Every structure is written in structure tokens, then in C-alpha cells.
């Protein structure tokens, strides 16, 4: 039955309210990052507006260091998760094999799991193996949690994969490697890109796992947490906002690259591999 | 648990028409033998596009993930469980005899209360989120057309912002002189800080885990075929009857997934209580962290963690056995335009 | 056991006065933005009849159906049930019931629960519901002992159709609407279900309004039918009427393989006007003005092969291009000297002696149509 106009308005109002409350903290952070005063108070006069804290954040060597760590972890995690997730998605959705059901449950397991406990478990495991935790161990921790997500995202695409395309290619003499390179991977590329986006962002913003597994290195969220729990400092909201902006920029970058590739792929149809 | 993987990663005996090579003695020869068998099996797989090929390909593709899970998930968890059985204040697994003293400590001291408090918090979070998200999920799945994408992106994008930052936003909003406090003070209603109590922690948890309830609910509601709802109306049912007899039972998988996901994530929540609640409420995850850092008592922390793991596993395996994920994801893929 | 309460004694109805109009559709229009799906459609459905809306895909029949049951509001026009305007009545308050193309059975309920749903919604006590559900299952040839507790997901296509019908009958509506329910069923089962549907309609005396894209189905089952094209009604009538006199070329073509020839009025010699078919003169029943273009309808079965000495109003020399055996009939594709193509149907024991032949038909077997 169609929803009446009045009902639709009610739903829209409710959604609007939820979104408003949802973005309230974001607004607060942005407001705090722009206030000149050492101790934040609201409302503040327009004369207090400043970009000082952003400047401080951008030139601070400390912040750059942590950004570097976070970026390294995020990039490496993404590469690993997407590769593992690619094959995992094929196993999840594409091939009908005997262990598939159990495999599907296995994929979901790390998602339905408290991250702090996972971080802890990994810390103990590294200790047992006499491995000192560093940003590399954090990569492993992030991958364990993010690989299931990339697998699921690419599985959704793999489900609509048309098997007969691969069979037709094989029928025309292509080897397994060729099929993988020219058929399977290109068709699943959109899924790979979205999975990659998810992976970068989830790793970039992750806190619970990083807390336990980075050891001496620290990611940006860890640094923020340490600062937050030791009293208010105006640089925190600035760094926080910058972090968010960087994440958005990363997304646009990746999406931009993808659409460029697609546009280029469409043009020279004659010069196929 | 190890046997689970043993069966999956080794090629299975006697199922395919593979010519056996005569056994040479020794481990390395056996290793090569196994590898050769695997390789020949792959070749027969590529030749036959039938069921055998599927099985071989499937297992091979699952291998990287399986190895990752084995060494990055299963074994570490076993490690924790094992450590929980070590005598307190020790740091090594191999030098001591197993003991249950940690569990005794947990159940006779205040840790059990922390556990209960965290569990209650988690359950409250689930209930509140069910109430808050169901109407919104319903709107996303059935009511909004173009707006659904916008709302989805708006809420999903929050997942990419570190939860610390968002929680800190609440601190700024709710602290004394903060956005809310300052506004109210300006209007002549001076209020103290809203922070550092139990309700605000709940607000934080509801806030952080909202997407994890909303999207499964929306997915579950999407699975209710529109024509089935129309048929119910056509046969005289009013809105409440349709909700009770059609929407609710058919979206149950989504409700279950959302609830379990939120519960499991909330019970391991660390940041909310610390950032918003100060020292007021110590969650079980914080207790665990303390045991590992200040308390220098790894076995105790591990025992606590083991309890959480057990709780999680019971819920996940017990309740999710009934939910068919393949149909959920497969249907979603078909439904996308 | 007595007669189940659902069966109505038809004898009184047949001997009574002319059937009442139960549903009147008056100038109903539906617009989606700039696209008009239904254009000022008007017709009446009589009580107790099997009425069908036929048309190709995109003719607006599903949209029209949804307006009649209340799931879409009409942009303009009125829908009257027993002379009462029901445009604003929502589907759960309209005494109509729709059997969807997908059947829309409740997947989480058993057969019995599905059928009882309309009664449960009306708070009818469980025992009465159960009795009625058993009754309906038996009417639809499903053994209650086997089917009552069966999950609908485990039922076959034909069984699900019957459950959907039983559920609709349990609602006891004034009119039952059907949206192409048999289109996804294989041919053999379809024929069987068509017959069953017709039988149930006759036995229960309920008004059925059926939508389909298959004219053959409509002809077999309907008391009256309306043909739709691009949102407008082309013709309404009984199957026999429409078959005998299609009102235009579209209706004629929609009915299957017929011969439609372009003809042009030409001043002829003598007292009769004559027509030219691809520059061949042709005889027709009516005089026409010169230069007027029409379509000529000749049914394949009305054309016959002529031997020497046979007469026909129109004779043509043709070349036989193709021969097809269709069960009890044979079909020939022939081409005339002027280039026009015809399909000729005869009984299967007919043989031709060579590629050249003479065919002909009588004026009374042909018809002039507008396109």
C-alpha cells in the first residue's frame, strides 16, 4: 500500500531529526577547532574565529609522524585485504565447493567479535612468538578484521557474476591465467575499488585494534585518544577534523581514479590485450 | 578447531581419478608427492569445468583467507584461552601448570559485577537501537526513494570517522560550557556538565553502534516482498496487523543480525565509557585493558577475555545458525539496479 | 455432507433478469509525469461474469488493475462499485481481492495459515477459520490432510496457484481480480488451470476480472473481453463478436495469424467499384472512394485452393513458398504475382501438385478495416 503524503512527511522528519543529532558532534568538533580560546566555550564571538589550530596541526612534527604511521598501516592493510578478499569472494560466492557453507560462516566470525578482545588476543600471540608489536603487527590485526569486510563486499558483486563468460573464454582457448587477468579481474574491479575504499577508511579510523597491536608506534586515533583523556586541548578537534577531511579526500581520490580508468577503458576498444 | 582446517586445506583422498605415483620414502618425498598431486588435480580441474573444478578452485581461493584466520584469529584466541589458565601475574605460557585460580578471582571479586554491568549496558543499547532504528530502516527500505541513498551515505560515512573523534564531539557538545551547555546558559538555564554519568555512556554507545543496527534492519526489511505486503492489505489487514503478521516475522533475520552485532560490539566497548564516562563506569573491556597494562596480570585479563569470547561465540553460533546469509547477500545483489 | 457454502445455485441467476452492472469504470486515466499509462478507459463489468482485459505488454492493463483494486489512485475518472464511487477507498476496505502475478503467498506461513489470513484479520474464531479453509482446499482439489500444514515454499507451481485462489476466495470479495496469474506456467498445466479457474468461476458465481496478454487465453475463458492498446480500449465484446468482426487491424492482428492486405480504392470499369491489391483488382462488398487506403482482412481458413472449374469471388495466381504441418491443419505461405503474401490454411490431408496454384476467397469472408 502506498504511504500517504502525511506519513512520508513523518518519516522524513524523523530521519531528519536522527541525521541532525547524528551530525551534532561533527558540528561541535568543527566549531571547537575554530575557536581561538585555549578552553572552549560556546557560543563564542566571531572575533574568536581562527585557523590557528589547523596551522599548528599541519606543522606539528608529532602529528605528521602519527599520520605517517596511520597511512602506512592503512595502505598496507588495504592491499592485503583486497587481495585476500578477492580470492575469498570467489570462494564465497563463485564456486560451489564442499566447504563453502563453513567458509561463509568463518568469514563472518571476526566481524561479530569485540575488537578490543581481538586486539588483545593478537598482542598475546605476538608476545608468545617473541615478536615486538609495531606498525607491522597492527597491519595484521587490521587485516584480520577488514579482510572479511572486503570479502563480503566483493562477494556481493561476485554473486552477479556470469559464469558463462569464463566458460566461453575457455571454450575459445584461454588459459586459466588469461581468464583471470582478462575476464575475472576486470569484471570484479568495481567491487575491488569499493572494497579498497572501505579498507582504507576503516583502517585509517580504527582505534581498538591499533591500541593493542601497534606497540611503540602510534596511529593517529591512538594519539588523539591519549590527548583526549588527559584534558582538553584545542588542537584535538583540529586534528580530528583534518583526519576526517583526509578520509573524504582519499575516497574521492580512489573514486576519481576508478572513473578515469573506466573512461579510458571505454575509448580504445580496438587495442585490447 | 585445528582439525576443521586440516580437512579443508588438504586434498581429499580417493575422490578424483588421479593416477597415484608410487610412494617414495621420506617426508620431503611425501611433501613433493602431495604437491604433485595437488598440481595435477588443478590441471584436471581446469580441464573439467564441472563440479570437481569448482571444488578445487573454491578451496584454493579460500586458502589465503583461511590461513589468515588461522594465524590471525583462531590461534590468538586459543592463546588467550590458554593464558587464562596460567597462574596470576605470570607472563609466559610454557612454564606453568594450568590453574583455574583466575576464574575463582573473577567470580569472587568485583569483576563479575563489571561483567554484569557491561552486559546490561549492551542489552540496553540493543533495545534502544531497535526502537530508534526500526522506523528509520522501514523508511529506508520502503518509503524513501531517492532520499534513501542520501541517508545511507550520510550515516555510513560516519563509520569511516574514528569513533574517538565522534565521541569527542559529544564531549565538546555536552561538557560544561560546551555547545549545548553554553547555549542553554545563554538562554538563562545554566546547567552543569552532562558528562561523566551512566546515561551519557549509553548515549555514546547508541550513537557509535547505530549504523550496525540500521543497515542490517534495512536489509532485513528489504527482503519483505512488497507484493506480499500489498496482498495483506488487499485482504483487509490494517497497518498494525501487517506490521505484526508480515513485516516483523519476515524481517526477523535482519533484526537478529543487527541485535547480535550490536550486542557483541557493545560488550567489547572501550572508548565510550572512558571518554564520556570518565571513571564512573568501568566496562569489562576497560578492566581487561587495565589488567594488561597497570595490573600487570595477563592471566587475569585473559580469563576475563575468555569469558567474553565464550559469550560472543555462544550468541553468534547459537542464534546465527538460523539465519541464511547466502540468501540475504544473494538477494541483495539481485535487488540492486 | 451438504454443498459447501461457497457454491451458489446458478439456476436462479440464469432465469432472472438481465445481469446487473457490478463495476463501472468511467473515463479512468492515469498519468505518470508526462507519460499517460491509461487514457480515459470506460467499460462495465456485469455481476457474475468472467471479464478479461487483454493487451500486449505496455498497454496499461496492470496499471488499470491496480487502480481498480485501490493500490494506485487514478489521475482522473471514476470507479463505481454498485453505483458507489470507490476511488478513495483503500484496498483493505474495498470488497475486492487481487491475485498477483507472483501470487504473493506469505512465505513464512503454511498453506492453511495463508488461506485463513483474511479471516484471521476479521477476527473470525479459529475453528470456523479452519473449517472454511478445509472447505476451500477441497474445492480446489487439494487434500486438506496433506496440504493444510504444508509450507508454501514446498508447493509446486500449480499448487501455489490454487492456494492463492483459495486465499482470495476466503476473503469472499465482490470481484476477484487476476493479474496474469498463469503466464509463468508451462502450457500443459496452464490449460488445466484455465479450465479449473473457469469451473470455479461458474460454480461460485463470483465476478472475475482477469488480465492477460494472451488473447487465446482470453477467448477460452471469458464471457466478455476488452482489448487494450497503449492505455486505451480498442474493442469490447464477447469472444465470438470480436473474432467475427474485429474493429480494426490491431485487434485483428492481435488475434493471431490473419491476412491483412493494403488496399487502395480505384475507379473501376463497369457498375462496381473495385480495389487494387498491389495493382491487382480485388472485389469487395462495399463501394469506396478512390484513393482511400484501408486494410483487407481475410482469414487463412477462408482462403481455398481452386481447381479448374471452382469458382470464387476473387481468384489469384500464386506461387507456393512454404508448407507447414500444424497438427490437424496445414499452412501454406503463398506469394501472388503482384508481390503480396498470403497464408492459407487447409486440412492436413491437402496436397499441392506443383509450385504454381490458384487460390481464392469469397467476398463474404473478407472484411475492410481501418488501421
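When the chains are written out, they are named A, B and C in that same order, and each has its own residue count from 1.
The rule is simple: contacts are C-beta pairs under 8 Å (C-beta built on N, C-alpha and C of every residue); 3 or more make two chains touch, one makes a residue touch a chain.
No experiment lies behind these values; they were computed from the predicted model shown.
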item	value
Chain pair with more C-beta contacts, B-C versus A-B	A-B
Label of the chain whose CA centroid is most distant from the centroid of chain B	C
Separation of chain B from chain C, taking each centre as the mean of its C-alpha atoms, in whole Å	55
Length of the line joining the C-alpha centres of chain A and chain B, rounded to whole Å	16
Junction residues of chain B - those touching two or more other chains	230, 233
Residues of chain C engaged with two or more neighbouring chains	71, 90-92
In chain A, residues with contacts to at least two other chains	1
Interfacial residue positions of chain A with respect to chain B in the complex	1, 3, 7-8, 11-12, 14-15, 18-19, 22-29, 31-32, 39-43, 83-85, 87-88, 90-91, 93-100, 102-118, 120-125, 127-128, 140-141, 143-144, 147, 151-152, 155-157, 159-160, 167, 170, 175-176, 201-202, 204-208, 211, 220-221, 224-225, 228-229, 232, 236-237, 240, 243-244, 247-248, 251
Of chain B, residues touching chain A in the complex	4, 7-8, 46, 49, 51, 54-66, 68-69, 72-73, 75-77, 79-80, 83, 91, 93, 132, 135-136, 138-139, 142-144, 147, 151, 154-155, 157-173, 175, 177-179, 181-183, 186, 207, 210, 229-230, 233, 260-261, 264-265, 267-271, 274-275, 285, 288-289, 292, 298, 301-302, 305, 308-309, 312, 316, 320, 325-326, 329-330, 332-334, 336
Residues of chain B that touch chain C when the two form their complex	225, 227-228, 230-238, 241, 245-246, 249-250
Complex contact set, residues of chain C against chain B	69-71, 90-93, 96-98, 100, 102, 104-108, 117-118, 120-122, 167, 171
